[in-house]
């Protein structure tokens, strides 16, 4: 199976504060079927940047052979990405990791709980889930200018937007509006949010998507491990890049000491 | 076509290219990308006596043309490695170099004794230089006497040739090389990572949870080349060279400096196919510079190294 | 606007940015690009007792995110520098740091005595670490006792505060720092270059005529940061930090690691305007990370350094 | 005075074996009036390549504000240059150094003696000189495929091409065809050639253009020095980037021990 490709930038534009949506085209898209997986992108020319950047698959169009990623400009890598122009080639390794399990989920009321640039993978997930389930999205952003994809989520189901400063939607944290009226939840966002969400929804089945600085992105270097909650787990850890980034909420320790 | 074969103690290599320890796990992940039989050898991740979880995360950070890592020797322990990882590597016709680490001389000895008996293991790489282990690790690699003592003890129990992997974090690399050579090392691996740091400007603390990490990648190539050259001028011992190799040109540069074979570490992260790519372009690269075999890669006026 | 002023022994700086020794000559060339009055200070090229021609060429080579140099202390000698170079610098309102080198203790002492008396010179930077001088140069920088002895002798004759410039080519940088601190150093400059090599594949010999050269540029930044951090944990002495700085972010990272001011070397070659550019963007950069002055640039939980 | 600029690539194409001609556009061209000076080009993105590459001015068109450089692909830097496309921006520092003195030369018979990629600066020089002098060009190349600009030199005066392997023009070295029937010569090329030329023409007034690996390219780092022949010279050396790259043939030592 194809595992990497120089993909072509179809479009690359800002959709919110410091946040860009990039559409990439290539045959590699045919392998991108699991929401929650990520692409591992090469940055810069040659070997000037030795580490790739992991970015979640935000949407896939198999007919067009295009994939979308949504990224916030944080440092050098995402800044470089933001300067890519249509026609440029970007080397993509992936899709990597294991995503959200969607195959067997039907007729359920599912919450998609996202924060900031944790929102992107939930969109592709929501599209897949909405076919056979009721989807509610609770999306938190820092401020009004940072909000993106509200309309798109609304097409999938009820969508609540929250901002930290109250400049748009409700003021507050995603946990403020969560009730346990759900069968299942999927969440992705900053660690603090994941922590709060999993604690508040501790009696609900859920999946979290984790982030960690990565070396290889394929499971070989042990850069991206997290601990398991079960002290009798035979390994005691998971590799976020390979076993994850998505885990059952109860399986992994979110905050290591 | 240029002859890629190299023969070193314990290692009859079809080509001089191998993945470096810690950058290739135990080969499984990369076997999904290509046939490992193409490799000259495989250097597996460090084995310790018991399973180790390693350091807290973040464990890696990017630096200009390089990276820092502080994995902290995470591994399932030597018994588990023998039980579950080495059998997988048996299915390939590639010699395995087992990287051995520990916190005490006893641990090194125990691990070496166990792992060197396994038939897939053709040589031991004694990791005296991992800077990420607080107890002992760094001292073994920076004090010639301790390094020599450790080498001696490990040699006593090893069924296989022992390559000592040197730390570059020393004032005098030749002194270190001589010490372990006198203690019976069959070869040298050089270099391991240089200790470095990066800081997170937002968080106002080191990026790596362990604070310091090991610097690898092209950034350290000139330091690796210098150290290999200096040791080659002083000693005839086989050297497996590494530090920032990304291309066949780089590999030839290391051979010129005095290495007999080379390992590729960090570059595997950027391009999982880098090892087979380098192997594939090595014959034409050698020919472009007028060499018809690996053994011919010598500086002007220099004889063969072995 | 964030306060850029820094006050160090002998150096009242309007900002913490200065060009590094050897990368800025005596300022003349760069004065054609911009007004040198913008600089925090100017560190001039190493002065020796007599004029030196330096090493044969090639003297530089490129490396990934870095370069090697083996200039070999070419300079017109201390008397000529005082006569023809320092007067030019008098026309600027910028403190000059005089970098002093030599092959013997006597030479260091002679040069320091002469140059420190000049009114434009506000501080001495004792270059004990230039790896390109065969006689003595490297030993001063890697042996704590010799370094301490040299520092002591130089302090005896210096009218101005002495910053000792440490070599990174050592096993234990803290030991070196402590030795020169105990010997009376008023501050430290760190780091000088790491010894490295590159080979010319066509010619089959080292690119640098001197064989080895000093590695500088962004490649060494993580090593510089680590060493500054380690020394800062151990000592309260002022540190002028350097090694691969190219931007205001880099400068702030060095301040966080523990430097009190920073010098920019190699980056001047790629962009002759790099110093004024860094100075210009420093206030907004500081503010972006929540600092209102240079003195506030501290790691979480750390107090001021002086 | 302007000293640097992001110049725009107008064209960039192979004109001989591994040899490219690049045309750059920008106001900086107005400062490029002295043949023999060089441009100092930034290579790659950001700070991945810390050293600029010196390349001679091969031709200048003040009306169009364009400058041409001709370069052979040697290593990473020239390879990167060869991949530049029209519209790309390349950062240029320069023109640097001192070129061939042409102002006061009139009515003379002048030889331009070039080897390989030492030929480019001689073209702009020849154009300036041919206005008021008789110009003869003797140009050596390794092989037929490496030859470039023959027609252009022919427009300036008699032009002899030599190749090492005899595949084009005369077989042999430029020194084979040199007679002392000249008032002045200007030469640029490999060190071996410069050495042979200056020895053969030791009684003729001449100028050589030297190459050396450079650090700063502006005279500050002492990377690019060469020794002077006069033991009483007050400095004993010259900086190729600043005092040169062009020197009176008798002023500098070509082969250091």
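As written, the chains take the letters A, B, C and D, and residue 1 is the first residue of each chain.
Keep in mind that, in the parts below, a residue touches a chain if its C-beta (ideal position, glycine included) is under 8 Å from a C-beta of that chain, and two chains touch if they have at least 3 such contacts.
All values derive from a computational prediction rather than experimental measurement.
Between the chain pairs A-B and A-C, more C-beta pairs are in contact across A-B. Distance between Cα centroids is largest for the pairing of chain C with A.
Centroids of chain C and chain D (each the mean of its C-alpha atoms) stand 35 Å apart. Chain A and chain C, compared by their mean Cα positions, are separated by 45 Å. Chain centres here are Cα means. That of chain A falls 55 Å from that of chain D. Those residues of chain D in touch with two or more other chains are numbered 47-48, 76. Contact with two or more other chains is made by residues 63-66, 217-218 of chain B. Of all the residues in chain C, the ones that touch chain A in their complex are 64-65. Chain contact summary for the complex, chain C toward chain B: residues 63-66, 68, 142, 169-172, 194-199, 201-206, 211-212, 215, 217-223, 225-226, 229, 244, 249, 252-253, 256-257, 289, 298-300.
Residues of chain C that touch chain D in their complex: 22-25, 28-30, 32-33, 45, 51, 53-54, 56-62, 64-67, 69, 71, 74, 76, 207, 217-218, 246, 266-270, 272-273.
By the touch criterion stated above, chain A contacts chain D in their complex at residues 44-46, 48, 76, 80.
Interface residues of chain A facing chain B in the complex, by the touch rule stated above, are 3-4, 42, 47-52, 76-77, 93, 212-227, 235-237, 242, 256-257.
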